[in-house]
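Structures follow.
One chain, chain A, links the two complexes that follow: it is found with chain B in the first and with chain C in the second.
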Partner chain A sequence: MVLAPHIQFQGDSGARDRARRITGSPALRVVGRRLLAAIPVLIGVTFVTFAVMSALPNDTAQAILGLHASPSAVAALNHTLGLDQPFWQRYWHWLVNVLHGNLGTTVEGSSVNHELAIHVPTTLGLLLYALVVSVVLAIIVATLAARRPNGIVDRLSLVVSMLGLSTAPYVFAFLLIIVFAVKLNWFPVLSGPVTGPGSFFKNLTLPACAIGFGLFAIYTRLLRADIVEQMQREDYIVTAKAKGVAPWRVLTRHALRNSMFNLITVIGLNLGGLVGAAAIIETIFQVQGIGNDLLTGIANHDAPLVEGITLIFALVTVLGNLLADLAYAALDPRIRYGRSNA
Partner chain B sequence: MAAPMPDATLATPAPPALPSLVNARRLRTQRLGRGLRLWVPAGVLILLLAICFLLPLVVTLPSSTNGDIIYNNEPPFSPGHWLGTNVQGVDIFSQLVYGGQVAFEVGVAVTLIGFAIGGTIGVVAGYFGGWVDAVLSRVLDILIAFPALVLALVIAEGLGPSEFHVILALSVFGIPAIGRITRGATLAMRGLPYMTAARLSGTRAWRVIARHILPNILPGIVTFSLLGIGVVIILEGALDFLGYGIPAPTASWGNMIANGQQVLTAQPEYVLIPSIALLVTVVALNTLGDALRERWGVQ
Partner chain C sequence: MSMRTACLAGAAALVLTTAAACSSGGSSSPGATPSNGSSTSPSSTAAPVAGGSITVLESSGYAGAWTTLDPAENKEGAATQDFMTAIYGQLFELGTGGKIIPDLATGYTFSPDAKTVTITLRQGVKFTDGTPFNAQAVYSNWMRDLGPIGIKNGLNPPWLVAMQKAPKGSPPGTAEPALPSAITVTGPYTIVVHQIAPNGAFIDQLFDSIPNWIASPTALQKEGASFGQNPVGAGPFEVATNTPNDELVVKKNPGYWQTGHPYLDQITFKTVGSDEAAYEAMLANEGQVYEDMSTTQLINESQSHFTVDNNLGTSPYDLQLNTAVPPFNNPKARQAIYAATNFAPILQHLFGSRYPTTESFTGPGGICYEQNVPGYQGYDPTLAKQLIQQSGLNKVTIQLGTIAISTAQESMQALATEWEQIGLKVNEQSWPLSGLISAFEANGGKSWESMVQTAGAYDPAGGVGVGFRFTSGSPFSGVHDPKLDTLLGEAQGSTNLATRCGFYDQAAEYIARNYYGPFYFTFSPANISVHGVSGPGLTTPLASVAVVPTIPWEDVSYNPSGS
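What follows is the complex of A and B.
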């Protein structure tokens, strides 16, 4: 109120201030810098994929025409497909096309865009399902475990998370199949197509559990250690206890809240690795996702398909790291103010 | 000699023993617990290594690749085959032993390669900083953003399946991970006063790295690589399982799981036995890593 006449007096400098506030916003500067840094990484990843894929025996034309095609027909098709050009030239064509939103054509002749549009949602749904369930469970278990370090809940959670860290996802998948699909017959052994919420849970619950168990283990260990440390080291915990805040409230409202930052960072950093797990689990359960596509693509030496999927994986990894940083800065005022002062 | 003490001080009776703040029995239990946490997994690992590498030298095991079809599908604890035989009549215990050799060889080889290449990149990037760091970090970034599985599968597909190619393929995964860790650890060392002192006294860079940085970052890297060996063994199984790993007649835990998958409902033990071996090995590696981390105070 008091400042109002002052601002009026300054005229258009208010707008300039606003503009400076936006360009000077630390979050936006971080976004800009990180997005710029992501460009060479994405180019590098796609280039390496292109290089290794073109190091594979070039039998695309032979595969399309069949085993008995004449060498001249194969050479002609190679020429029309542009496969006789050096690989950096093909990479350049591919890059230009990608920037125009065209990911090329698979060996089988369908468009990669189309293929991905069908299969990306399934994989995305599967990974989100695994992620959400494992994060929610990890938060509950870690909080209960940290309530009394070395108590019975804590020891149990340590054992379970050690098992989760040490179990190969494909082994756990078989265990799930034996118990829940074969013996109890609750879920199908092989996942059918996902058409609605009902079939989503019916078909993707076992694969999501197979992916999520390891994640749950990592998140629980991390969060539990972090909460215990907050409870023992931080002054604000002492203050809260001295104020007479109920112990349970100190744990959930004070310690857990502050421990979430590290969890969020690890979730963001882990996103890239999830994809590898998805590829193996999707083949076991025959989920029609891009992980499954990736393996067929590699077996068929299908460079455009593999390229498209790698690009998506790399994008997810880079964006995951970026989101982790941003969420960290947005949620933790200490970081936010630290950056803007610097 | 100190000045002679006044008699009064000497005559003061000893104060009554304070109640000990440390409960001796609890302390002993704690020490015992810590010892057990280190030596139990270490013992299990030594036992596993002995079974895999020494036992075949002492005892003649049945072949791990060829079996007698007459004695196929023998249940566990049958004479001559104490874990039974599989569909082709191959002895399961032999497969487990020779598969274990493969798992340990690949795990250790990948970690050593990761140490040699990733560790060098990490230390050089962290120590020299500037544009060297910028370039090397970007390379590591690319390797990390790259789905390692894709590269591993493409290498296996292009070069054909063999144990050496599996090692190469999995190194793609090991190098950036160890590189990142060593770079971070080196950066944390760089700012310490004794490093500045070493540099100010004119010590050459390679000497600072060898004498001051390496000994200090080694505990962290060793615990990390124990966890890493576990991950590599799991991934090796995954490659076998997908058909891009150790070629078929050779025994490996991943191959055993993949073959057992075909008779999963009828004979789940073909999947369960190698899975348990895998689980025990990785749990032992992980708990040993945890115990060493606790002992050495590594974050």
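What follows is the complex of A and C.
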């Protein structure tokens, strides 16, 4: 009984120490700070979106009900949708609901939460697929190209990259459709539901390639330039070569790793731009994702749906950039967040 | 390898890939058999074959967007006619050559004053839930369409029946449903509509409208709010799976009243994002039918691979002039616009002269079609220049607007270019539907000057017909002329087609002589199908009710080996 308080104290102390270690982690503090900083960003993004949707010259209820709708029916639907309230009131109401986990109701009457729950996984899967394929291929091609600057691989990669940079995703999408769906019948033109790995690759490969080709081109050129610079200018490369490290190993283990920073930065910055690509490509391939929903929502002046999707994309962008920052530290032990450089 | 060699190799690879991609035909595609360029399929005259299934592609911008399949709750209106006719059938169908075909109804009669319509219904028909289709079922559907549910969804059809008055001081949106006595059941299979004004267009107004689709009252009660996802009708097909805005699968109704119909076992309606995507999907044999193709180049390209059915348009594009405000409250300014417009070259350059020109609110697929109207001011640049000077049109910038769809926007831009060459200044603007409605309604209808629109329907008294664009009571009209209102009212009020057409001819001439708005061409998108598919609206032309025809899916068959 006497020892009990002591044991209790020790227990408290251990837990407190662990808690202190965790909360004292510089990386975690960075994560916390960035997440806190994301709150005004998200509010700003949703506010601007709400303001733009409200400023559009339209009558949502009339658009839904059509030309023949009586003025009383239009007024009633506007009231039901809360569109007869002042802008600030509507935004505040939406914001409070979001904090309670309720993203509202679409103008067609379904829950935005439900719509997003169905369609977000498909879009995130598509974008992740496009991103992973483009990054992996870019790393391979850039490394091969940088191994022998101005060699045949380097020049071919330049041609392919220029094509990727100068071809709009929707044009490339139709080229893919003609070759791989119409001619070869390897993949469908119109995507079906994604129910497992098989249907995922069958339905999303062409859309992912259409989105990923442009990214691949950017990443390849960027990474190739960085690797070449590392190989030609950095002392540690000379040292490694002088120590007899195999050239291939120097390239992949030393130069490549140290060339990844710009690539990671660009990947983080590109996440926002993927929204537009997803909207266009999903429409072409009829992928049932939130990019498709976004265009439908804009056409229908469906503010709750557009707001919900914008929020998701803003969240993905913020989190993606945070992950990019954390990846810097993982790649370079010299970077330690929260510590002085001195 | 030099840089030049590498670039050449890359370019050659790209050219080869593109050439392979762009070469015509596709051996793997059953639908890609080249034809002789004719738009008529070799199999179009073959006997229908029972069985098989097809996928029908629907544009996401029109027919491919739906939320509910409950007629009264349906906000998409005629856009979802394919699904509705497959599930519910129709009371009356608009057949080839404009023939009225009784489907779930067997006939109709008008009273001598054209106010009362008596409709007889087909006996022995059952909904797919086994309950009987009869006059009571039609009555409960129509009261629902004309009642609070239909009104709430903006579906209050323009029936000329007596309505209940909402109590004074009622909040906006209070329903004003039809009086129960406006429709009476006079027998198990007879129903009577009592109108408050003569209306000889009643049956024509049913086409493509919600009251033409009858749902099972028992299922409506049983399913409640979920009826729109699990609809029950007495049509040729019943719903197998339904994913709104994406895919609807319907299978053959084994108890369908018409022996031997439907021919097909299953139809999959699949949403597609664009004409281009639909065309590629058809080449890949992922779809056998695509409805409402409007891209001229793809229609031309489709003729090498598929059957292209050019349906008969009924809804001409016209230029609405707002006679309530300057500059078009001046008849000389209006006449100047008529004289400054030569639409034939526009039609040729934009649409390859696919669509016929017209000078009135009717098209070749509709009743009372009159291509040339007496007194219509034709293209006359010399006169146009004089009138522009006299009316002061050269001193103002004309505000020209339209709806944000490509056909309308291209027509508007071409008109503006033509007018600018003759000395007019034009400010163009286009809006989505809601913005367009706001533009019409702003400032009590006095903010807009001119709009490129469509005016017309199979029956000018139906849909977005002539009254919608040219009568005083419509908020979407620029004309406020009691004499024209009377002419159009008399045309609607007769049951005799010749009498009706006589009044419509007078109205068309009256519009022309007063320069109320020039008419241009009758647009109707094409239906594309792979060889082997056969049916009205796909291999034989049908009249469009408003913009597109209603395909009777029970008459469509598919024989892949017959291609």
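Here, the second predicted complex is superposed on the first by the 294 of 342 C-alpha atoms of A that agree within 3 Å, B and C clash if a C-alpha of one lies under 4 Å from a C-alpha of the other, contacts with A are read in each partner's own complex, and residues count from 1 in each chain.
Everything below uses one rule, namely that a contact is a pair of C-beta atoms (placed from the backbone, for glycine too) under 8 Å apart; a residue touches a chain by one contact, two chains touch by 3 or more.
Fair warning: this is a prediction, and the values are worked out from it, not measured in the lab.
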item	value
Touched partner set for A:Val306, first chain B, second chain C, both or neither	first
Chain B versus chain C as contact partner of A:Arg155, first or second or both or neither	second
Partner chain in contact with A:Thr220 - chain B first, chain C second, else both or neither	neither
Superposed model, chain A: greater residue contact from chain B or chain C	C
A:Val74 touches, of chain B and chain C: first, second, both or neither?	second
Which of chain B and chain C A:Leu56 touches, first, second, both or neither	both
Touched partner set for A:Leu163, first chain B, second chain C, both or neither	both
Contacts of A:Gly272 with chain B and chain C, given as first, second, both or neither	first
Touching partner for A:Ile178 - first (chain B), second (chain C), both, neither	both
First (chain B), second (chain C), both or neither touched by A:Gln286	second
Set of chain A residues, in rising order, touched by both chain B and chain C	56-57, 163, 174-175, 177-178, 182, 283, 299, 301
Complex interface listing, chain C residues touching chain A	1, 3, 6-7, 9-11, 14, 17-18, 20-22, 26, 28-29, 57, 60-61, 65, 67, 75, 77, 151-158, 172-174, 176, 243, 245-246, 270-274, 276-277, 280-281, 283-284, 286-287, 431-435, 437-439, 464, 468, 476
Residues of chain A defined as touching chain B within the complex	40-42, 44-45, 48-49, 52-53, 55-57, 162-163, 165-168, 170-171, 174-175, 177-178, 182, 272, 275-276, 279-280, 283, 294-295, 298-299, 301, 306, 309-310, 313-314, 317-318
Touching residues on chain B, where the partner in the complex is chain A	138-139, 141-142, 144-151, 153-155, 157-158, 230, 234, 237-238, 241-242, 257, 261, 264-265, 268, 271, 275, 278-279, 282-283, 285-287
Sites on chain A touched by chain C in the complex	56-60, 62-77, 79, 108-110, 150, 152, 155-156, 158-160, 163, 174-175, 177-179, 181-185, 188-190, 193, 283-286, 288, 292, 296, 299, 301
